[in-house]
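In what comes next, subunit A is part of two complexes: it sits with subunit B in the first one and with subunit C in the second one.
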Partner chain A sequence: MHVLPYLIAAYVFLTGCYGLATSRNLIHAVGCLAVCQSSTYVLLLAVGYQNGATAPVFSDIKPGSRPVVDPVVQALTLTDIVVGATVTALLLALVLQIAKRHGTVDPDELRELRG
Partner chain B sequence: MHHLLPLLPAIPLLGAALLVATGRRLPRFAAEITGFVVSGGTAALALVLLLNSSPPMVEWVGGWLPAGGESVGIVVIGDGPALGMAALVSLLTLAALAYSWRYFDEPPRGHPGAFTALMLVFQGAMCGFAIAGDLFNAFVFFELMSVVAYALTGYRIDEAKAVQGALTFGVVNSLGAYAMLMGIGLLYARTGELAMTKIGRGLDTAAGHGGPDALVLASFVLVLTGLLVKAAAVPFHFWLPDAHAVAPTPVCMLLSGVMVELGAYGVWRVYGTVFAGPGGIPAADLTRALVTLGTLTAATGAVMCWYQRHIKRLLAYSTIAHTGLFLVGLGVLTPQGDDGVALYILGHAGVKAALFACAGVLLDRYGSVDEHALHGRARELRATAVMFAVAALGLAGLPPFGTALGKAVTEEAVGGPLTVVYVAASAITAGAVLRVTGRVFLGLGPRPKDADSDLETSGSEEEPETTGPLSRIPDTMTTVPAVLLAAALAVGVAPGFGDLVARSVNEGGSGGAHAVAQWTAHGVLLGLASTALAVALAGLAVTRPDWTAAPDWARPLRRLQSGHVGDYVAWLLVGAAVLGALALPGVLGG
Partner chain C sequence: MNRLRLALLAVGGAGLAALLVAACLDLPRFGARSHPYGTRAVHASLTRHTANTIASVNFDQRAYDTLGEMSILFAAVLGCVVLLRQARDEHRAQPQPAEVARPVRRYALIVLPVALVTGLYVIAHGQLSPGGGFQGGVVAATSLHLLYLGADYRALERVRPLAVYETSDALAVSSYLLLGLAGILAGTAFLANTLLPYGTFNTLTSGGTVPLLNAAIGIEVASAVVVLLANFLDQAVEIEEEHGSR
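Then we have the complex of A and B:
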């Protein structure tokens, strides 16, 4: 149990948030959102990690013969990746449409909806 | 009976898959009938299950039963609140589909089932979130409903504002969801469990006599951040007015009527089953956090609502104000508060969906939802005018509306000075809606002057959602709001309904502590008082238009709603920090 992966997860999440808050380009912003999501992968995999354990695939090792890492978090991470792909694809499609309708992808120029 | 629980999300999802597969070949008529049948069938199933939900049902999906107390299966729960939310979701989806009967000019071309299919996925995801018994599935359904909601918000992709609002909605909500997932990861790290009840028990065991520690606090803050973004609590609320102002009207009915409330429901469910024990967050800290944020939300929502001229934005801010009231009611952690909020949510869903439906009629008839531009123009829409006014009175809490019953019970539970928040927030939001009624439908008072500020969204020059402006209002667009209002009235009028709701909520939540939910003289008087206050405010606003021009002290508040997605993300982080600070004392003391 090492604290470093958890710190890295927090750092990656905050970096993504900083990028989102200061972004000058919507494609960059969607990328930053993906960075925020990557931090959840780091966190989940860190939770299930064990020193000296192998992948939880039992095709070539006998069950119980040696320690494996937690398969639940790996399943969660895979689900999370699928979710992330959907979100990113949809948001990028929206950015494309914004570029067509507004002629810009700079959030500073998209201020019609206010007040 | 409990084997049927997973069908609640499964049927709409399968129906949507069917429509996506065959929609290209189906005539539009057939696609919409399919939507009705699937959505109505799910609603019927939810109601049947709801009637059998005592004692609460539990189902391990796919037969993955726990072995020796350990489980990796997916658990869904069917207690009163969960199935009640699922039934509300399904009925409101049915109403929205009926309202949108042959409604759009069919974008995307040649795929008539697309809108119906998206609405069905939305329904299935919301049902799934309502009955999810483990946190990771709650997250998956939360994301699914969010993604469909972004797509539906930006459904009219040819409109510049619609895609902009959808993107803001998407970025802020997804960030909230990822925060929630990090919290779930931390909880799994501590307890090795994903089912909510087992996490709760695991936290209590892990804490021993020590009480909560920093990890519990961090996971509490992260999970609640996600849920409160969905519930649009201040300062996580900035996405909501943008999304509601640009989404198609039937989608607004669902977003405001039930999706935002699912955030509040999630807070109730997660606190009650995960964090309520001795190893979780102490009750006093949750009360402090929710009452503070709820009061702020109610105040911000009410003030911003009063100064809007874009009618759909005005209704969106009124939803924010009411979520604040729901959070305060849940935050006091009494069985009676839970009952009141449940009734309030039922009544509010009917009233708010009816208001959006009426606003949609204005948009499609005149191509505008601007209170100033529409001044006196809608005199001929008598039925819509009556429904708008009646719904405004329901929003104010005029007995015997369901909103009034829920508000009265909650007011009794929160007691003291917080009652003032309830009366003021409901009176101001209802006053704003009554003001719109007076100006737009009756042409009362002088036409308000346009403020020379760049701080507002006007709502004129909007594209109608139908094929060109309507010359005649279709029957479905007047019947649906009428039925919704009747339902909101029935929640308060039907004898014994309040107690029925109270019993099933208490069975699901507070472990047998029964409270009664009935009309009291005190509650009726407060309801009448807030209605009178709303009418007075509306009268003042109509006769003296200067009153609705935003004064200087409200300008900073309006400036915060800058339309810049980066600002909203920054506020989300501030909100998470505030939430942590509000819950910190219990962790330090424990």
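Then we have the complex of A and C:
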């Protein structure tokens, strides 16, 4: 089963999408978006994994003495985490204001515009 | 209406799932030996004397990309500050100090300095050991908030003059840009790691501009997280709606 980690990433992504589409609460929707995003961490790290390899940090191993996993995807994951966290914060701030102005966080009840 | 929506979701989801599975089957084998990008990134990192390859990728090989990432962080914090400001029909209430259980207070006050030093250590050793500006910044910023758990909100506000953190956030972003521009002034390219000597491998001063860019990011992330949490806490603790305004 050498595709299993990739399939797990796809499964996590689809689960997040299902949650987003059926969500009745905006905070829950933001959480589902975070689930979607975490699938990309699984995918990236699975792409960079190498059997028997260690972390690409050479402070305690001699360069070239043993294989290391792909550092590029790890750096991409780091970018992903930072962007995900900030976007989540921004969305939660929006939800807070929506809850204050409209008194609800159910997306189905937010139909009409209000000034 | 709702059933129609679910049916539409099922059709779209099934299609997407099929495409994703097809894509997964076409990906390189999990755990295989060949990683062309990784091998080249490790090589480039070693020629520039940076022990932590991930820091080298972030602050040297893809430093321009990190600039974008930093801008997203900055813009998101700015957005939160604007969204969560005090509205016209709200007022600030003085939060009342609450009783904190003794063990919680003791534990928070013991762990706070340890957590703060750990955060700063992780930032400072970003080019050597796992970690770096992003991770260390978050640890350092959240450690301050142990004061909120262990003492009360007033104590946190005293160690956290918001204007200082907002300014240092902006200054850290500018210093990252200035470090990039320094490369141009020195006759090479924007954010190219050719400005400083690479130093001795596996020491604090190795890696050329990597430790400096790393420190700039560390300060930015720490300030940004403090400002972000402060705005959310303000909403929960201080800002109250005027009665009968709705």
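In the analysis below, the second predicted complex is superposed on the first by the 111 of 115 C-alpha atoms of A that agree within 3 Å, B and C clash if a C-alpha of one lies under 4 Å from a C-alpha of the other, contacts with A are read in each partner's own complex, and residues count from 1 in each chain.
What we mean here is this: contacts are C-beta pairs under 8 Å (C-beta built on N, C-alpha and C of every residue); 3 or more make two chains touch, one makes a residue touch a chain.
Since this is a predicted model, take the numbers as computed values, not measurements.
By the touch criterion defined above, A:T79 lies against subunit B and subunit C together after alignment on the C-alpha atoms of chain A. Of the two partner chains placed by superposition, A:K62 touches none, neither subunit B nor subunit C. In the superposed model, A:T40 makes contact with subunit B only, not with subunit C.
Once the two complexes are overlaid on the shared chain, A:Q50 sits against subunit C while remaining clear of subunit B. When the two complexes are overlaid on their common chain A, residue A:L26 makes contact with subunit B while staying clear of subunit C. Of the two partner chains, subunit B is the only one touched by A:I98; subunit C is not. Of the two partner chains, subunit B is the only one touched by A:P107; subunit C is not.
On subunit A, the surface patch touched by subunit B in one complex and by subunit C in the other comprises residues 9, 13, 17, 21-22, 47, 72-73, 79, 83, 86-87, 90, 94, 97.
Touching subunit C in their complex are the following residues of subunit A: 2-7, 9-10, 13-14, 17-18, 21-22, 46-51, 55-59, 63, 67-75, 78-79, 81-83, 86-87, 89-90, 92-94, 96-97, 100, 103.
Remark: subunit A residues 9, 13, 17, 20-23, 26, 29-30, 33, 36-37, 39-40, 43-44, 47, 72-73, 76, 79-80, 83, 86-87, 90-91, 94-95, 97-98, 101-102, 107-108, 110-115 touch subunit B in the complex. Residue ranges of subunit B in contact with subunit A, taken from their complex: 72, 136, 140, 143, 146-147, 150-151, 154, 157-161, 163-168, 170-171, 174-175, 178-179, 181-182, 185-186, 188-189, 194, 241-242, 245-246, 307-308, 453-457, 558, 561-567, 569-570, 573. Of all residues in subunit C, only 5-6, 9, 13, 16-17, 20-21, 24-25, 27-33, 35, 37-38, 41-42, 45-46, 51-54, 56-58, 62, 65-66, 69, 72-73, 76-77, 79-80, 83-84, 87, 128-130, 132, 134, 201-202, 221, 224, 228, 231-232, 235, 241, 246 touch subunit A in the complex they form.
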